[in-house]
Amino acid sequence: MYKHGGDLLADWENARHGMQSTDDGIYMPLQCATQWDAFCHVFYDGVTYNGHGPESVTSQGAVHNSIAQVADRVVGRGVLLDFPRFYGVDWLEPGDAIQDVDLEACAKAQGVEIGPGDIVLIRTGHMRRRRAEGQEHWGDYAAGPAPGLGVSSADYLLPREIAAVAGDTWGLESVPSESLPEAKFALHVIFLVNAGVLIGEIWDLEELAADCAADGVYEFFLSAQPLTVTGAVGSPLNPIAVK
Amino acid sequence: MYKHGGDLLADWENARHGMQSTDDGIYMPLQCATQWDAFCHVFYDGVTYNGHGPESVTSQGAVHNSIAQVADRVVGRGVLLDFPRFYGVDWLEPGDAIQDVDLEACAKAQGVEIGPGDIVLIRTGHMRRRRAEGQEHWGDYAAGPAPGLGVSSADYLLPREIAAVAGDTWGLESVPSESLPEAKFALHVIFLVNAGVLIGEIWDLEELAADCAADGVYEFFLSAQPLTVTGAVGSPLNPIAVK
Amino acid sequence: MYKHGGDLLADWENARHGMQSTDDGIYMPLQCATQWDAFCHVFYDGVTYNGHGPESVTSQGAVHNSIAQVADRVVGRGVLLDFPRFYGVDWLEPGDAIQDVDLEACAKAQGVEIGPGDIVLIRTGHMRRRRAEGQEHWGDYAAGPAPGLGVSSADYLLPREIAAVAGDTWGLESVPSESLPEAKFALHVIFLVNAGVLIGEIWDLEELAADCAADGVYEFFLSAQPLTVTGAVGSPLNPIAVK
Amino acid sequence: MYKHGGDLLADWENARHGMQSTDDGIYMPLQCATQWDAFCHVFYDGVTYNGHGPESVTSQGAVHNSIAQVADRVVGRGVLLDFPRFYGVDWLEPGDAIQDVDLEACAKAQGVEIGPGDIVLIRTGHMRRRRAEGQEHWGDYAAGPAPGLGVSSADYLLPREIAAVAGDTWGLESVPSESLPEAKFALHVIFLVNAGVLIGEIWDLEELAADCAADGVYEFFLSAQPLTVTGAVGSPLNPIAVK
């Protein structure tokens, strides 16, 4: 806070009359909360999406594949796949990997189809679990074990030409990874580097999931635009679904 | 940038193989770019919207009237009023004040009506002017003279029960103010403190205005949600119009 | 880092020739490492040193008792009191409280006297312990239990008119406090608010203590000036002893 | 400010009793005020002091030649050379270049010798001028024209094996440079890259100069240690002279 009500109280004889203002600022990692990873967040074998090399991301930011370059591209159709409700459980377990067949079965059960340009939201219930289990269990929410997508999920999602996929865990993928050690976070490579599909992390899907369960409609208009931070590797956002 | 392509180059023998990631962070005033003012941004005679006193905004942020409290309220119908096109000029001049009759005339000419819950966008052309006149003229874009709304604009907007009003200048209101010195930024008091109407500043309306001029449609769906920064007095945003 | 060697590598064809520069910045709490507490760091019954009220410290910083106001006052004679060596132990235990009689006995054993304007350094060995016990024990170094000064230490130090007192723990005082719950951190009140004696925290005294033990000389010239951050409540510093 | 007196006022019924504390933080470029340039601040033909390449300074900071590596090396003998007083003027003019013969003549006139390990302070009076001419003239203090050292100053200073040289301008060197365009800031290369001599900038030498003029003694003990910011390219400091 640069200036707040306490400052008014410290100068109350003047501040009690007429107009006064307050101001604030923030210091934050751009991937510290509900966020998008830009394509340039990940390199594989020295290149990011469309073959741009390391010189494309410097202290000046990214000249290719920054989040600002998709600033107006992620407002559109969203689809929620709610795995805990599909499986009849409160939440999935860390390490649980959602595969292609799981995606297909869940979408079918929910009566929803996934198509070109969609933003697909994957609910594992892991955020609900951390809330339910209390403050002391949040410690490993970031960077710890979590349920999430398995590698074959790409076989289902990519042919459908989705624009983005987001989830309610810190890394979208299942952790520990089902993959070989040298291929952990394989989906980050597949989605960001190979396919040009945005990855969203730490999304709170609880309220949306309850609404979808109530009316049985798992598709909606989704306002999920990032901030236009020039050259940024990621961006916080406040996604809003409209039905 | 916490880690970028240059860091990969500095460790190229290792970094050229497999997956690498980049990360960044930001330090910014929360009202430094395209932004919303929360209701608690302004106090008048010691109170903000709904009569909350100075103790409601401290170093911990605002407990009432923070931007986070309207996090899902500003996604809806938007209406653009494009005054330079209405007047047949490139841009309005600093100090030009758009009054109630001007709003009414412009809306009528554009064939658009303003109603409950609308987010009204006011284009003065001032941002276009700063771009056209070049780098050295941006110096007073923030805090300098500007065209904008006059006080009587509230007489037109408030009975229509709008949710928010935003413009392409730093302060929405005309500067220097038409008002008495002791009442400058009167609209900040009227909209934020008295009426509970959000104020948006530094919005780039050029592309939207060109689109509206092309198809003659000045209403649209507007995704204009702020970030959910707890207790914040304002928030940057990336507003997106959908037609 | 705003610009670094990796940025040169990303533009190597140009950067390999002639002069290039690097730059960096920092975001830090002003009391996050080896530091001084300014007098205005603590209020008691609504006042800080010399009776200044809460309106003397606002979002603009402190107008009285800021660390900048003593910017040139803490370069002078320093005295180390090394309690682990005095007691023949590796380190004191959390909760151990160094009292007036302990200070007197240790000073006598070390053959050193404390006088007006001195900067007194209190070694408990707690920093050495945290290093010896490894990374996983640093978690409670800040804000956790620690050895330190007991309340009666003021009876010894204040009549000697010292300028400042610093130690190798996060809070200088013994934690948990020997005091009544309503009087914890009593020495912060006594030194900062009542006496106008600076408090230094998180000082690494290991190298200095080894040197004093080697030559038996526990007094030295001490360069311990804070940064001149206008209005600051505290400041990081890099204290250097010269013998 | 994280917490200040205004916060106490906002909770006065509780805060008026017992102990309360205040806290603050800072965001700053490490070279934004009175400061040292570390050796790694400058590369020439791809190397910094002792031949370390660009991979020695990354987003993790410098592994060689950081300011932290000289954290205890710049407390020692200081010498002031006061050119405005030597020339009988208020201040030198931008572009004025102090050469080897000037250094020799000024030192001789002041009756002081420069020797191994010294920290040499060069007063041009430029900071005094900016203060005298008022607020609106500070705009080009950073990065603008300034008096300062000429290239041949190195011929005088380096054989004397000084440790560091600092001045009262933003860049120590005369600007515009007397050098060829491709060799501007030549002294940064000579001192930092070739010789391993620290460069200090934006030092306020006014009070010290007045004192030296009063007693005719231009040498002193100088506490000029940087902060120990790991891997930093530069550091703010608060230099204190003791006579």
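Think of it as A, B, C and D in the order they're written, each chain with its own count starting at 1.
We take it that contacts are C-beta pairs under 8 Å (C-beta built on N, C-alpha and C of every residue); 3 or more make two chains touch, one makes a residue touch a chain.
Please read these numbers as outputs of a predicted model, since none were measured by experiment.
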If a chain touches chain A and chain B alike, it appears here: C, D
Chain copies touching (chain A, chain D) - same or different residues, decided at half shared: same
Centroid spacing, where centroids are CA-atom means, of chain B and chain D in whole angstrom: 42
Between chain C and chain D, centroid-to-centroid distance (C-alpha), Å: 26
Numbers and ranges of chain D residues touching at least 2 other chains: 1-2, 4-10, 27, 54-55, 58-59
Partner chain B, residues of chain C touching it in the complex: 1, 4-10, 27
List of chain D residues in touch with chain C within their complex: 1-2, 4-6, 8-9, 12, 15-31, 34, 40-46, 53-59, 61-62, 71-72, 75, 182, 185, 188-189, 221, 223, 225-229, 232-234, 236-238, 240, 242
